[in-house]
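Letters A, B, C, D and E mark the chains in the order given here, with residues in each chain numbered from 1 onward.
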Amino acid sequence: MSENLLELRNVSKVFRIGGLVFGTRLVAVDEVSLSLPAAEPSILSIVGESGSGKTTLARIILELEHPTSGDVLIDGHPLFEKGGAGLKGRDYYRAVQPIFQNPFEAFSARKKVDKYLFGAALRLNIAQNRKEAREIVAEVLESVGLDLARVEGKYANQFSGGELQRISVARSLIPRPKLIVADEPVSMIDASLRMNIVNLFLELKERYKVSFVYITHDLSTAYYVSDYIGIMYRGSVVEYGPSEQILTDSAHPYTELLLDSVPTVDHKWERGVKLPDIELNEYQAQACKFAKRCKYVQAICERTIPPMVRVSAERQALCYKPIDFDPNATVSQRESLESIKTES
Amino acid sequence: MGALNRRLKIGLAILAVFIILGGILPFFSPEDPRDWIRHPRNLPPSAEHLLGTTNLGQDTFWLLSYATQNSLFIGLFVAFFATLIGVFAGLAAGFIGGITDRVITLLADVFIVVPSLPILILMSSLLQGRASLLLISIVLILFNWPWPARQMRSIALSMRERQFVNTARFSGSGTFTILAEEIVPHIFSWAMANFVNTVLVAIATESGLAVIGLSSLEEATLGTTIYWALQHQALLGRRWWWIGSPVVAIILLFIGLFLISTGISSLSAERRGHGDA
Amino acid sequence: MLRLRDLKCYYHTPRGVVQAVDGVSFEIRPNEVLGIAGESGCGKSTLLKVLYDYIQPPLQIVSGSYEADFADGNGKVNTIGPGEIRQHWWDFISYIPQGSMSVLNPVIRIENQFFDAVPKGHPLKAAGKRAIRERVAAYLKELELPVEVLKSYPHQLSGGMKQRVLVALGTFLHPQIVLADEPTTALDVVVQKGILLMLTELQQQMENTLVVVSHDMGVHYQISDRLAIMYAGKLVEYGPTDAIFRNPLHPYTQMLIQSLPRVGDRSQRVGISGRPPNLIDPPVGCRFAARCPKVMEHCADQEPTLIQMEPEHFVSCHLYGEVAS
Amino acid sequence: MQFAKFVVTRIIAYVLVIWIGITVVFFVPRFMPSDPVESMLGRIMSQGAYMEAEQVEAMRATLTQAFGLEGSLADQYFGFLHRTFVTREFGPSLSMFPTPVNELIGRALPWTLGLLLASTIIAWVVGNAIGLLAGYKSRWISSRTLEIIAILVYPIPYYITALILIILFIHINPIFPLFFSVRGEAWSWEFISSAVYNSVLPALSIVIVGFGWWVLSMKALASSISEEDFVYFAKLKGAGEGRIMTAYVLRNAILPQVTVLALQIGAIFNGALIAEILFSYPGLGTMTYNAVLQADYNLLMGTITISIIAVATSTLIIDLLYPVFDPRIRQR
Amino acid sequence: SAQEQTEVGTPRATTLIVDQLGGRINNPTQTNPYQAGTHMSAGLHQLVYSTLWEINTATGEQFPALAAEMPEALNDDYTSFRVTLRDGLRWSDGEPITTADMAFNIDMILNTPEFPYSGFLSQVIDNYEVVDDLTIILNLKRSEPRLAYTLGVHIWGDNFRMVPKHIWENEDPATFQNYPPVASGPYTMTDVDPNGNWFLYTKREDWQHTDVGQIFGEPGPEYVLFRFYGTEERRIIAGIQNQLDIFTDISPEAWDILRDGNPNARAWHENFPWANFDDPCERGIIFANSQEPWDNQNVRWAMALATDIKSVGLATFAGILRVSPLAVPPVQVIHDAFHKPMRDWMTEFAFEDGYQPFDPNYAVDIAAILAEQGIEGMPEDEEALVDLFGVGWWKHDPAKATEMLQAEGFTLQDGAWHKPDGSPWQITINSPSNFEVQSQRLAFAVADNWRDFGIDATVQQMDGGTFWSNYNNGTFDAGSYWPGCGALPDSWDLLDAFWHKRHIVPIGQPAPGNAMRYDSDALSGILDQIAPLPSDHPDTIPLLTEFEKQFIVERPWLPMFGTSKFVPVVTTYWDGLPTADNFYEGPWWWWSLFKYHMPFIQPKSDG
């Protein structure tokens, strides 16, 4: 048993857009390091605006994408290390399971939905025979509030989005995974039904002792369910820590902006938000990617990439602001900055 | 819904007629209709000779039945292998990617751009008489696999990104199961439509070659039947039964196959659209 | 200025009649922001289409009436109805569609997409393309949008920018009514905020009416003055936004508001279970009955009517039946 | 930047395609059991010339050289590439010795190009126009009728269409000339008008078959584009039907049609070949066919190589023009 | 009407329109007669170039053309000849034709190895002596008793077509195009279609200074237009529309249509059988005589008896054919000289076991079958029927054939023949694909016959090049070829080329002659006896008859039919076109003798 259930070590993913000769690079995930402790089942939310690299990160954890550099460890097993004793195949599928954004996309329209459920039970050696498989499937369906009789023999388009997403959740539970990665699991579901799914996560966390990586751009549900939150901006995790702390006392100006923009129902907005004009090419900037939109911007922010600094025991932020940086710092001072970077 | 299935129904009905004509009847033929001067020449249709006889004293009906058999054989043979190769090459290109993809794509592009007819003409001319239907079929396969391959490749590329493939993978399905259970059902109707289309192309090309005298002229195919009829001036001589029956047969067969191919595509579109059981 | 009375608009499809807007009555006043909320498929977009006088087969007005007060150039006010309203598209009433990502024609420049939105009788139409182009450019400058977007193609713009262009398109002729169908769905919160604020600022400047459809109650709380809650083709609650959030009457509204999570509050939230009824063959009685936690016996067979509970605050629910009767 | 890259990769592909195509053409005859030199010798001798053994030997050597069949396979291959790409000549025609193949092709090529260009453009324009109507105005009787005609005509092979045209317009109802005969000085009015008049039927046979395909594909495209949000929004904008049909539906649907055109060029060329043969049209097709009948190996290699290059080039041109129509590629 | 114009702008009434054999010509302005790729048959050798000696197929004789007389042998071994030219001949530019031109032509051909003809001529001519303007003495490298065959026309035409010295001496003959040609014939080429679809020839104003004018008088047509109309059906339509006066080969079906469509269309015979049977090559099936099983005389004979000549004839050309059992074609002069005289001998002819294979009743039988099919206008008496359908052929006797084959070790198993070594017997018959309808159809018909007999016979169609290269290289099993030609009674030169064993080369090498590779001392011996005799020698014909008898015994190929030529004419505008009733010359429009038709062909006076 490792200390961390999930650990990301300097994970980067660079996409080439266009062909070999003239293509440009796009750093979709930029040196991301995170960890999720194994001691307690917990929910980690990754929050960020569109295109910030959330899905790419999830796909890397799910082994659907190969990181350009860095590695992911599940329970201490590196996934991508060459020739390493990483988790592969069934072992991996029994440890990590996905829930996808669009439930209608997650099941083939030409295959009965229950086949996926029974398939998971039998192929991953959870059940030894069909009878056992039925029991297991019935149980997980029951745990998401459905019963097998209603699900059996139907195709995906015969369910509502909410029902289908529950089936998705049920399926992911079959191998009793330690970690479920859910990429925007509720964004395609009607607002009135969302909370049901989100509540399900909380319930399942307790019942099955399963941890979640919950990807969303909705800060309020993230706050509602998660124990930890990582805020992503243009590929970087700009702030990371326990959700309570982050959302009540944010360290990074971007988190602040996000919080400010949530349409809450308790206080009305003060006017004014600055939107970027045309897509800024911030992905490759050799500076703080948020500098152009930051109200605390200093000269240094536009010159160098800020360090990941520890804000409190469990919290880190990729920003100069929390450490009162002296813009006239000398090289040696900057080196000392390196030392306060978290070592993950 | 009704309109879409009507196409398929009419198409299948026409095809059924040809399957009987070319697939079953030849086995009951009282004679080898390719033989010459078996009957009096140029008879009009009668109970004995349903479509009359040719200038060569052949029974036009049985000749047509043999011709249909051979043409259908070429069509089915070419379509089967072209679709098979195309689907596999396309899947390989789409799923494996990298060099495999580049090579397959380039080859497919070559065979799409290079006009096939001159090369077929070159081969038939060099092999005249020896250009068996089999050889012609093989060349046709060569020129017809790239279309399904191209399509398949793009389907594979999009399929690779489809989440249900990942769902299946995370449910423990191996590559083969994924192919069989996730991919094939999605491409099946498409492959069927392509298959039917290739049947059409193959028959058309072979008979095109035959009409200009470059196919295996001794075999009875729809094309060679037209060729012989033209050679014997059936057109000017107004021997409509002889020249007309293969022409009408081709037109009908093609319309039938075409209706089937569009019928299949729209049927599957329809299934995807509103597939309540 | 815009009145609906017991309006029924159905889609006549081969599979049956979809009762998408079924007996809706309310009025839209000058210089207000009206929010329309409800879950997917409840008829919000259909209602907007009707308001916009875009009634095309298979959609048909089955019964009820709909009229608008239209002030022409001389300040004379005429009452116009279906078929006439469309003569004044964009200068009297404009429409910001759902799905900004796909409503712009991908192969023509943004500036050329403004031409079609100038109605036939409008003086700008007569002035020609150049005049329109100049007017649009000036307007964008006013909105502090970069003028270069006019020369761009849609794929070159981010989602937020496209949506802002559509807002500009919807307002550049200063219409008296602006209909916005889910203007911020699929955008992230920061952009959403920017656009919503842009819309309300414009509304205040032009002192016209803005109708915003959204299924996000938070959005309504932030910008609307009055709110209409729809459920399965019916109007179930209707009133000032503050009143509704302060004192939601209909169980559906209550659940919608209660289910909203808030940053800083981790107390248990529950969603609404079940799914809305099929609009082809909706249940008799209250359409929400099947999902309602406070369902009563007669809910299943008696249809509730809209009643006023507070000043301006209407609800359609049997819970309040006694009060009315 | 992106566009430059597109052009470069496309041109690389172009060269590869031609190279592979020509390689195929080079190797096919070499794997066939018949020998072009022996064929030619047989032909010469069967015409009555009597030759002693040494004479035959000398003749064989001359022909072997003229055909580029000397040396090892590799030598021949590089010689062939050299002749194709560098000196660009295919040697003398054998059936019309010593007229150079280049000269013969030079005479035939404009005819084929003209026929192909005209009929392809007509088929494309007419087919797409009808397809647009059929797709966007699918309720109209007239567009439905046209669509049904296209469905019926499309699957009929070229030569059948050509035959039927011949029967209809040459035999039964002789509107068009039975015999290809173009008169007048080159490019005089008489020349052009008689050339056009003589080309109507062959062109028509290509158009009829080609147009069906365009109708069907355009209809599919147009009806799916009609469902797009931007078309719906255009209606909300109050744009007129005509404007929607052209600026919205057509502008978007035409782009894939350009790509398809590039892919179809090879097939259209095949059709033109048969049409030429059946109508005795003096283009590359007839020439290829005659070369086959007369075992004119050099001419055959020349016409086939030229057709590959011509088809590949027109495909390239269409592909390169494509970004002009599609801002999404151009403006990146 | 009289004012009507042709498409090339000449008056229709004075323009003779001739079907252009060989299709469209892609190099229309290449008119150098010695180059390999020049197309002679689109009018050039018919009207523009002339030869020293020509033939008349009606009389079966040669006559002097550019030459004033037949060659005069100056010695007994026929190696030196005196040749005189006609007086008063002129080139089409008005310059006189003299022996200087002839000498120039000889030198030029010998010195231009690029000319395919050069090789041949250099084997024949050693040197010459110009005696005067019109007399030249040729000294030969070898004995040539038939010099008029060697340097003049025997069939079709000849390669020695003189060109004017004063024009050619300044040119490189190997590449000179010679357009427009200056030559000796009665017409000049005045216009060509750049696409090669037509060639227009105009009568020379000084036609008196041509051999045609001197011998036969003024040519009738002012213009001759050679025109390619395309496929057969279009040629027929052209004929129906009076846009074509003279046809080259068409099929019998096409003739039926033409006859129905144009009342002025006229075939060789006014009535059945319409076709002309005098084409100088007969059709049949050849064998690879040097290979088993064809090296066995009895096998070859068995195949003759396994063939039902009537069904083959009906399938090939509806029975409109004249059978021939001999090695020379049944053209009228040869039929009279060999076939008919040998009929009795053939009837009596018997195998060693006494079996008499000849069926002399073919003509009567086929006439009966045709009459049953409703053909009218056939002669009644046997004599006339034999004249029409031939002297007879070999019996169709599968039983005897079976017996003969079994005697040779062949076996019949389940209805299929197996060779003595036990393998199934497969025969592949090479056939022309698109260029020789009769041989093509004949191949299919014979294959059909042999399949009925139990042999797996198939037809392989080939384009001309392949067809002939297989023939020359001996790489065939059986084939539908025509190694039996002749237009005159003395066809020694052709028989020698086809059958003398000295021509034999190994299989795989192109044979200069005897492509069947038939090695017969007897046949070669008879040919050697005839070789030194000139045509008019009294022993020539008897020796040739000897040859035919030996040929029948050995049976090295299976000649079947003389070739029927449907070469009709349309008489709407012309009188004097040759027909069976007006038989001054055969209907050989594609031969060089066509120019001698011209004075006989006259515009219709009422036209």
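Everything below uses one rule, namely that contacts are C-beta pairs under 8 Å (C-beta built on N, C-alpha and C of every residue); 3 or more make two chains touch, one makes a residue touch a chain.
If you're wondering where the values come from, they're calculated on a predicted model, not measured in any experiment.
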Set of chains whose contacts include both chain E and chain C: D
Reference chain C; chain at largest CA-centroid distance: E
Centroid distance [mean C-alpha coordinates] between chain C and chain A, Å: 33
Geometric centre distance via CA averages, chain D-chain C, whole Å: 55
Computed distance of Cα centres, chain E from chain A, in Å: 91
Shared interface positions of chain E, touching two or more other chains: 231, 237, 433-434, 463, 466
Multi-chain contact residues (two or more partners), chain A: none
Sequence positions of chain B contacting 2 or more other chains: 125-126, 130, 235-236
In the complex, chain E residues that touch chain D: 7-8, 23-27, 30, 35-37, 39, 113, 116-117, 119-120, 123, 156, 159, 174-175, 193-198, 227-231, 234, 237-238, 241, 433-435, 463-473, 497, 505, 510, 512-513
Residue ranges of chain D touching chain B (in the complex, touch as defined): 13, 16-17, 20-21, 24-25, 28-29, 32-34, 151-152, 154-160, 163-164, 167, 171, 216, 263, 265-266, 269-270, 273-274, 277-278, 288-289, 292-293, 295, 300, 303-304, 307-308, 311-312, 315
Residue ranges of chain A touching chain B (in the complex, touch as defined): 62, 64, 90, 93, 97-98, 100-102, 105-111, 115-117, 119-120, 122-124, 154-155, 157-158, 168, 171-172, 174-175
Interface residues, chain B side, partner chain E - complex: 35-37, 40-41, 55-57, 125-126, 128-130, 213, 217-218, 230-237
Interface residues, chain C side, partner chain D - complex: 52, 54, 56, 86, 89-90, 95, 97, 99, 102-109, 112, 116-117, 119-120, 152-153, 155-156
